[in-house]
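Below you'll find the structure I mean.
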Amino acid sequence: MANLSLMLPLLALSLLAVFAADATTLQDFCVTNPIGQGNSLCKDPKLVEANDFFFSGLHIAGNTTNAAGSKVTPVFAAQLPGLNTLGISMARVDIAPWGVNPPHSHPRATEIFTVLEGTLEVGFITSNPENRHFSKVLHKGDVFVFPIGLIHYQRNIGHDNVIAIAALSSQNPGAITIGNAVFGATPEIASEVLIKAFQLEKNAINYLQSKF
Amino acid sequence: MANLSLMLPLLALSLLAVFAADATTLQDFCVTNPIGQGNSLCKDPKLVEANDFFFSGLHIAGNTTNAAGSKVTPVFAAQLPGLNTLGISMARVDIAPWGVNPPHSHPRATEIFTVLEGTLEVGFITSNPENRHFSKVLHKGDVFVFPIGLIHYQRNIGHDNVIAIAALSSQNPGAITIGNAVFGATPEIASEVLIKAFQLEKNAINYLQSKF
Amino acid sequence: MANLSLMLPLLALSLLAVFAADATTLQDFCVTNPIGQGNSLCKDPKLVEANDFFFSGLHIAGNTTNAAGSKVTPVFAAQLPGLNTLGISMARVDIAPWGVNPPHSHPRATEIFTVLEGTLEVGFITSNPENRHFSKVLHKGDVFVFPIGLIHYQRNIGHDNVIAIAALSSQNPGAITIGNAVFGATPEIASEVLIKAFQLEKNAINYLQSKF
Amino acid sequence: MANLSLMLPLLALSLLAVFAADATTLQDFCVTNPIGQGNSLCKDPKLVEANDFFFSGLHIAGNTTNAAGSKVTPVFAAQLPGLNTLGISMARVDIAPWGVNPPHSHPRATEIFTVLEGTLEVGFITSNPENRHFSKVLHKGDVFVFPIGLIHYQRNIGHDNVIAIAALSSQNPGAITIGNAVFGATPEIASEVLIKAFQLEKNAINYLQSKF
Amino acid sequence: MANLSLMLPLLALSLLAVFAADATTLQDFCVTNPIGQGNSLCKDPKLVEANDFFFSGLHIAGNTTNAAGSKVTPVFAAQLPGLNTLGISMARVDIAPWGVNPPHSHPRATEIFTVLEGTLEVGFITSNPENRHFSKVLHKGDVFVFPIGLIHYQRNIGHDNVIAIAALSSQNPGAITIGNAVFGATPEIASEVLIKAFQLEKNAINYLQSKF
Amino acid sequence: MANLSLMLPLLALSLLAVFAADATTLQDFCVTNPIGQGNSLCKDPKLVEANDFFFSGLHIAGNTTNAAGSKVTPVFAAQLPGLNTLGISMARVDIAPWGVNPPHSHPRATEIFTVLEGTLEVGFITSNPENRHFSKVLHKGDVFVFPIGLIHYQRNIGHDNVIAIAALSSQNPGAITIGNAVFGATPEIASEVLIKAFQLEKNAINYLQSKF
């Protein structure tokens, strides 16, 4: 049955695909089944324990020594298997002074965001044709909402580190960082598309693609 | 495979946890897994390729040499595995002159329909007690909507073939052709039911059942 | 009321935002608001009383002196306003000896059905292409399920009245009685459509349409 | 593992079924698969028969010789496999004279309840901060609604047995009996929690916990 | 039109009832309309501003000088109108040393909970028949999940204040505090019900009811 | 306020309609109410006519004399009011030789796309961290799927005009054109954010912002 136990994590993985985040559930919980622990898409309820609903580590600062100067520490179903089927997740966001969490969207979740430390500017942009930009400076204790699917960002505008807690309305919200998706796709998007889309010359597009 | 049969009730049990609508997905896509290609309900994302989101052939006319004089060419999840979990599908409809796409309902989808060639009458009927009949003559470039679950039909009223593209709000909309379901069910519905339902004599019902 | 008419497009616009399923509510209940009692889509919670969740009369037999020999007494949101938003409803079904509840579908609900008195045959037919007919003889205390959207019927095959309680998975399940929708639509469906659909001659179609 | 690869297409097929919600299904039905009958999450449609949609026994009185003087006989997906994915279920409720169906909630369903025999008081309590208590005396033929998630109860206030039929808006509604969950949990909730929650002394809490 | 402007908050309120927390939305956002600002269920998008997505104050400790020794500060749609239709909300939880957030359930949301300061015990109880109690001691940076609809609690077991951030999978999750709902309902639940439910004598029930 | 109280039952009636989701509707249809025609969120069913389900003009080529060399002609609920609550819409896409439909996402819909005339390259990019680019050359009669929320594009690579029909799984899918949202937002996103996000110098960002 070795092959069978190999099969199970894939089954569990695929369960993610067939569950609507916040539709009614049909049992108290369905813990994602780790490899080889029983044969069900959900972990056998008899084997479920408190640790399946537990994650530790959000007190630890993320490493912001990178180009953007920011780091997101996720607590999604992949990190906390008890979240499976329950339609919510959490993350810690660290941003160094002058760092940025670059423009991105969550295709499957709205984000609610609260500041524990620091001062930052946040914003989101609405869909066509208006493409309105809603932005706000946030301080400790402030809360802001980024509606599902809209492009948004955060920028540290203070002299201290920003620490924030975000919650998302999906166990697996997904993230599309615009720069990486458009200029860093694998394989690359044909330069003819990007030249027309961004009204740039070919060498400018090549430069951008070389960056990602 | 003894362990495998032990596994099945657990799989069935876990089915309770898997409760979703077309509306929300929990990953970018979940391509239906063809036979033997990996062990997941979704095809292994690493093995997914552009062809999984591709179908070819809607430029080919359907064969309308049949009693109704019409043919539907479906592009559902069964034909296009990348549609799995995404809540939409498409079809080409061909109707010969004086042909009919007979009264039917889609139990799981609304249909939006646009005419590429020809002239036809379309209509749908509302539920009890009104049973109102909404109908319209359509020409090239016209669009019409058939709301989910309602009985509807199309009829070619021109001298040329009708070609139309329909889209449906489910990956597997289903179709119930009224004549076939009522008079062509297997096994047959007791004639006593149909005599009362259609206020016909037994030989008329037998005649109708013989037709389907 | 000029301001009021200005208000309407905004109301219609806002309808876009109101997107819900039977499954999830966002407050304990939302009683349908009767005429003139407050101005909310939901009755003012302060004015809600136990009677809003109450209906009386399912002990009273329906009048089956009609062509089909059957009668359905509904307890839907229109009869029990507290059902609004809660995704379930109920009905009493009475069928006289040899009476029939003719073939129909519920576009918005599955039906679960239990027999209080009598003996009947029930059945439903699956969608294309199989159009399989599942039928069963039911006695007192039996329960049967008619899946959402499928054509089904009930027929009293005993010498006593049939009394049954049905529950449906929608506050407003809707019903499409096949004969009435196809042959009794207003205005009538063009006979050319029905001739092709049922492979009958024009006078047979005219006869059927005259019946409904 | 030949049998395993045979199993996969069926799993993929059944994926269509596990998208079913109270709202939308993706095939006509998905009967829960009993042990060892095929390898799909849904029973192979070719093997499905009328008995999969059938349950017998609601004419039989439940045994009310217990502390509460009441008994619920469920017809959920576990008892009627054809209910799987269809978002509804049923139950018979028997209450002896002066018996009680104690305060409980259904985390996944609204309940619609009709009285076949007897006289009872029913009620539910709304959420914080009001905690309003809606109650009503019911007689034969009366119908009452208990909204999803709210604590409710029934009490026989007559001299005869109460018999009722309840329908619930989930195939597996779940039940949380308050006394058992709070004072009878395994392992017990720390008495310090209950002392503060119910403002009782430790020996009173110990007494209550000993009862459950 | 004074009455009309009075009508708007009620309309907005009722919108809460008709929105499935995490179903797909049909526009970028639908800010709950405050009294008299326009006539739409959603605030006129042209009038929406960044402050509609903003809340300030989660850095302020809640007042825990009460019987339970705890305080919840909500950031729901009622406090942050931009959350309307987006299916998520947040709260700050303060618990004094030896204080308790007493057993309660959220009928419309799963809760994900992270500790900013202090040490506490948390737990939830599953539905019948097991009523299993899952509990865990949490420290700074720990995360725990309370599945939708299940009874749960938090208890400060340290010598310092507990500060935590909770996120909930609904814009209006609701809360049912068990003690208040069962013993503090208005009007009171008949003591006969509680005597049977908790197997206590009448004076014990009267004592409990006097406490709430 | 007589008219207003007359309005209320219609509002209540329309509440049934606003429960409609891509998944479930609560009545046969809910036509968006045009200005001043009645007071309901849904057009009065008695006033609904076939034209409410009808749109004309998809045979007319869109004007592609613009920078991108492409034009989308939408048939959404705003153009076809009968689509309201039905979870589907359609569009015609025209692309001149060497024209491009630039990278964009639909936050609320999957798109299924079929080619009527011409030859084009299409593609979409998956979410982080892979950002895989799936692309395909399409000819007449080919069908391709763009999953909900993912960035995608189309490019005419032939010498003739491209004509395509797209269907989307929402009545109001929304579109976010990346270039416009990031570089053309109103007001502009702070250049510091874009400098970090795209690793460009300030004058390059200023140039891009000047283009949109």
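Read from first to last, the chains carry the letters A, B, C, D, E and F; within each, the first residue is number 1.
Throughout what follows, a residue touches a chain if its C-beta (ideal position, glycine included) is under 8 Å from a C-beta of that chain, and two chains touch if they have at least 3 such contacts.
The structure presented is a predicted model; accordingly, all values stated were derived computationally and were not measured.
Touch-path distance (fewest steps) from subunit D to subunit E is 1. With steps allowed only between chains in touch, the distance from subunit A over to subunit E comes to 1. Compared with subunit D, the chain whose C-alpha mean position is the greatest distance off is F. Averaged C-alpha coordinates put the centre of subunit E at 37 Å from the centre of subunit F. In whole angstrom, the spacing between the mean C-alpha positions of subunit B and subunit F is 24. A straight line joining the Cα centres of subunit A and subunit C is 44 Å long.
Within subunit A, residues 3-4, 7, 11, 14, 18, 20-28, 107-108, 123, 127, 135, 148-150, 170, 174 each touch two or more of the remaining chains. Of all residues in subunit F, those touching subunit E in their complex are 1, 4, 11, 15, 18-19, 21-23, 107-108, 170-172, 174.
The touching residues of subunit B, when paired with subunit A in their complex, are 3-4, 6-7, 10-11, 13-21, 23-30, 38-42, 44, 85. On the subunit F side of its complex with subunit A, the touching residues are 67-69, 98-100, 102-105, 107-108, 121, 123, 125, 127-128, 130-133, 135, 148-151, 153, 155, 174-190, 192-194, 196-200, 204, 208, 211. Residues 1, 4-6, 8-9, 11-12, 15-16, 18-22, 30, 32-39, 41-42, 77, 84-85, 107-108, 170-172, 174 of subunit B touch subunit D in their complex. Interface residues of subunit E, counted against subunit A in their complex, comprise 20-23, 25, 28-29, 48-51, 53-60, 75, 80, 82-83, 86-90, 109-112, 114, 116, 123, 126-127, 134-136, 138-150, 165, 167-170.
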